[in-house]
Amino acid sequence: MLVGPNGAGKSTLFQIVSGYLPPDRGSVVLFGADVTRAAPYVRSRMGLGRTFQINALFANLTVQENVCLAMLGCRRSLGIWGQAVDRNIAGVARGQLEAWEMLEWSDVPVRQLAYGLQRQLEILLAICQKPRLLLLDEPTAGLSPRETENIVRLIQRLPRDITLLVVEHDMDVAFEIADHMSVLHLGQVVATGHPQDLQANSDVQAIYLGTGAPGRQ
Amino acid sequence: MVLEQLVNAVSYSMLLFLLAVGLSVTLGLLRVVNLTHGSYYLLGGYVGLSVVRWTHNFLLATGAGAATTAALAALMFWGLLRRFLGQESAQVLITFGSLFIVADGCLAIWGGQTYTIPPPPGLSSSLLLAGAHIPTYLLLLIAVGATGAAAVYWVFERTRVGAMVRAAVDDRELAEACGVDVRALSFGVFTLGGAIAGLAGVLGGPVIGVYPGADLAVLLLALVIVVVGGAGSMLGALLGSLVIGFVTTYGSLYFPEIASGIVYLAMVLVILFRPQGLVPARGLDQT
Amino acid sequence: MRGQRAGLMAWGFRVMVVGMVLAAPLGLPPFYVNLSGQVLIYAILALSLDLLAGVLGLWSLGHAAAFGVAAYTAAFLAERLGVSWGIQLISGLGVAAALGCVGGLVVMRVRGLYFMMLTLGIAQVLWALAENWTGLTGGADGIPGIGRPSPFITTNSFYVFLAACFALNLLVLWAIHRSNYGLILRGIRDNALRMEALGVATFRARLGAYVLASTIGGFAGVLFAWQQGLVSPGVLSVDTSAETLLMVILGGAGTLGGPILGAVIVVLLETLVSTITARWMTALGVCYILTVLGAPQGLYPVLMPKVARVFATWGRWFGGIGDGKRARVEGDSPSLRRATHPEGH
Amino acid sequence: MLELEGIDVFYGPSHVLHALTAHVEEGEVLALLGRSGAGKTTTLKTVMGWLRPRAGRIRWRGQDISHWESVRIARLGFAMVAQGRRVFPSLSVAENLGIALNPTSPWSLEDVYQLFPRLEERRYQAANTLSGGEQQMLSLGRALVRGPRVLLLDEPTEGMAPAIVQLTHQVVEMLREAGITVVLVEQNLAFALSLAARVAVMNKGQVVYEGRAQEFAAHRELQVQYLGVSTTGLRVGS
């Protein structure tokens, strides 16, 4: 779990890890292999899944087609002659949608889907890649309390063998789902450790409340 | 010989600048690819031709040509394009449809011949300059083109209105919050761009001539210039015009076999090595 | 089992309808048979362009390059070397594919207006070559005297040949639209970044689409050479490219029916209106503008639901083939479903 | 008085403001606080006319301006210092100020240059060559020459050096003395509380707390409850 105020560098870190930005210095090692120069799709095939802070869905396609795409992505062959709507993939996709309680929306174009559901789908797509490491970029951004709760439940239901790296602004959500937590400020890790320990850390509180707050000791 | 070619290239570049400048600013400000832009040239040229025939007054002809195309541009923007900002496919259909209608209208009125507008009296001769015969009209073209370019440049770069247009190109939202009426400005720019292209039609009449199909030919050249120079940038339009003007003139001199393709070769090279154009305007991505 | 049988019958029904529509012109005078053949050729061209413009969202203003290069290849082989039509066809497709491969490496690096201008640039350079490299291309006069493929000489038999070629290309494109690959391409159009994150090498996928579009466009070019018996630089001109793009937009990009409908309308308007009045260009221009005002997403997505309703009624008469949900899930899946929610940009 | 009444705003499909209701008295400085993603910036953008509310009303002195064009709102006397020091990058400093200049403004270009001498030194330089602090001055100066009745300030101290924060503080104080209404969105609590008369705290697109700035400053538990690291665990949905 990564937390930290605006501009702390959390999203930039994500971009670098998933391969959308090259680092100026240093290297990225994924599952023991140096991937500093690898394209995003190569990293994805190694088992890296990610979601985006601003929904990155296929807005004109239906929910089911979105999920199919997520499952297709990691296949080696592009399958020109395989049918997208064939029972195989479509069936698995529907299975996934059912498992994550989104089956009733399967034929709706994503564009017409409520934002909260889009946010769920954003995560679902990454799950369908069957990643070993999953990066979630502000999964609850812009959601109402009820929708936030749904997302938290979804994340808590994820299989434990997936390593999760989460950027989050909502501290309540962060404390709920994290095993381990780092606070980033101005591109530096300020504190790292157990969520409970960080909660009491006065530096962390200062960063969130603004330096020199009158109420601060 | 050398001087003649140079005069040819520069005068051609000036004409191209007048053509491309409106298209470039429209693209930068409104993100509209106006495929009717070449038709303004054609219509301006034909109207100029008729006015010269009636009145034998070249100055009046330029005024009439520019006024006609300004009216056409204003009508198109207010009646149609205004409602389809941001909708690419609709814009292509509208502006291409207008291109067809204008071309057909011109064909119906002026017929299928190629006309050259007689240059103003006293400018139809040539001048012996350093052993070279320079048509006087080309010198006029350079003078008018340079003055026009300077005037447009001055308005765009030195006046408050020009700064407002650039501000709107940079950041439309913020410009509105600063009290700039971007919608009225867009209308003005679109109309003015049409007027300048119509003016170019009359001015180009004695050199390039007006003929059916000139609209498309000219449109493509203007598009190439905009892409080469960088959309929405005044300096880019000027630089792009010079590049294309010189490449065309010297290309047809040295590589006559592929003269008509060489302009596009130049464009392909520019896009590959400087995808944003020679002088990119800020605030524009590759859309 | 019952589902399978119904599926088979739906197929049979569909083949029958397409066959009937394709066969209809055979009863008309030769002028109209030739005209219908021309429609079919342009429909193939427009369909191939739609693979870029509609499916992938990349607007090419130089699709005439593939069309023209293949036409010239076939013409050159037929006229100068006199090889058989099979070799003409295969060489034409090969050259178009090669052009797509090389050109694709260049043009697939940019998007939007720049993609439009790069494709235009390549086509214009080829056009200039065709105009001026007289030794190879015959210059502005072009290459005349191309024969039709041997057993299909007469107007009617050549039309049947064209119809078969059209059906073949339609089948291939239909398969692509339905395939995983088609879905991936539409995914790239909607969000290339996410496709990368999902593990798709997007550049390779897009390049593949460009080569495919080029090859199928080349198929149309070879057919065009045979039909006209003459190939001149016009096939490479921007007029051809723009006209094809307009067919796609007019009919409705991203569907199979749209480009076909667009080709029908544009070719018929040009030919038939010009026999009535000299003002066919105005008619075409007005048609474009009215389309924008009435159906901004193209005509097919607007008309299709209405036509589909009629077909559903017919289907019921034929014994429950086209009823409700089954038709929606199994029927022309991508195009039909897309028709109900046309994409925005 | 500026009133927002039951505003619903969507960003595409994302429902950002949920029936937001708030008001600002004329001549007061209101600090709009809340965690990021709470909808503060969206609120300012909606007031400025950059976003259209799908439901609800925005009223200024009783006049409904909810569906006005941004230009009209600007000409009514609203000015914005947008987040991230938005300036017109290709315009010079003088042009940045010039296009915004309102002749009836109590602050002329000279006043702005007097306030920020650095800007005068660089008046013919393109704005994208300025440092972050200078761009901030330019942003503030541009708002001043508009002669605003209502100034919307979006995180003016974000990423700023202490000297610039101090300068921004002075400018807002000056505006307050001139009786101009200010809506201040801030992450820096100390800065906000030292200027504001009243605070409104937003969460998930709604105002969840409104009160005197003094009161909010005095009660640390309020700050922790609404802004800080909570000690109660997951509270969402309850």
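Letters A, B, C and D mark the chains in the order given here, with residues in each chain numbered from 1 onward.
One rule holds for everything that comes next: a contact is a pair of C-beta atoms (placed from the backbone, for glycine too) under 8 Å apart; a residue touches a chain by one contact, two chains touch by 3 or more.
These figures come from a predicted structure and were not determined experimentally.
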Subject >> Starting at chain A, fewest touch steps before arriving at chain B >> reply: 2
Original post:
Hey, which chain ends up farthest from chain B, C-alpha centres compared?
Top reply: A
Subject >> Chain centre separation in whole Å, for chain D relative to chain C (CA means) >> reply: 54
**OP:** Compute the distance, rounded to whole Å, between the mean C-alpha positions of chain A and chain C.
**Re:** 41
Original post:
If you average the Cα atoms of chain A and of chain D to get two centres, how far apart are those centres in Å?
Top reply: 31
Subject >> Chain centre separation (chain B, chain D; CA means) in Å >> reply: 43
**OP:** Going through chain A residue by residue, note those that touch at least 2 other chains and give them in order.
**Re:** 111
Original post:
How would one label the connectivity among the chains shown: line, ring, star, complete, or other?
Top reply: ring
Original post:
What pairs of chains are touching here?
Top reply: A-C, A-D, B-C, B-D
Original post:
Quick one: in the complex, what on chain B touches chain C?
Top reply: 27, 33, 80, 84, 86-90, 92-94, 96-101, 103-105, 107-108, 216, 220, 223-224, 227, 231, 256-265, 267-268, 271-272, 275, 286-287
Original post:
Once bound in the complex, which stretches of chain A touch chain C?
Top reply: 18-20, 39-41, 44-45, 49-50, 52, 56-62, 65, 68-70, 72-75, 78-85, 89, 109, 111-112, 125-126, 129
**OP:** Could you pull out which chain A residues touch chain D in their complex?
**Re:** 5-7, 55, 111, 113-115, 118, 138, 141-146, 148-149, 152, 169-173, 175-176, 198-199, 204-205, 208-216
Original post:
Across the complex, what residues on chain B touch chain D?
Top reply: 160, 163-164, 166-167, 169-171, 173-183, 281-283
**OP:** Mind listing the chain C positions that touch chain A in their complex?
**Re:** 175-176, 178-184, 186-187, 189-191, 193-202, 205, 208, 329, 333-334, 337-338, 341, 343-344
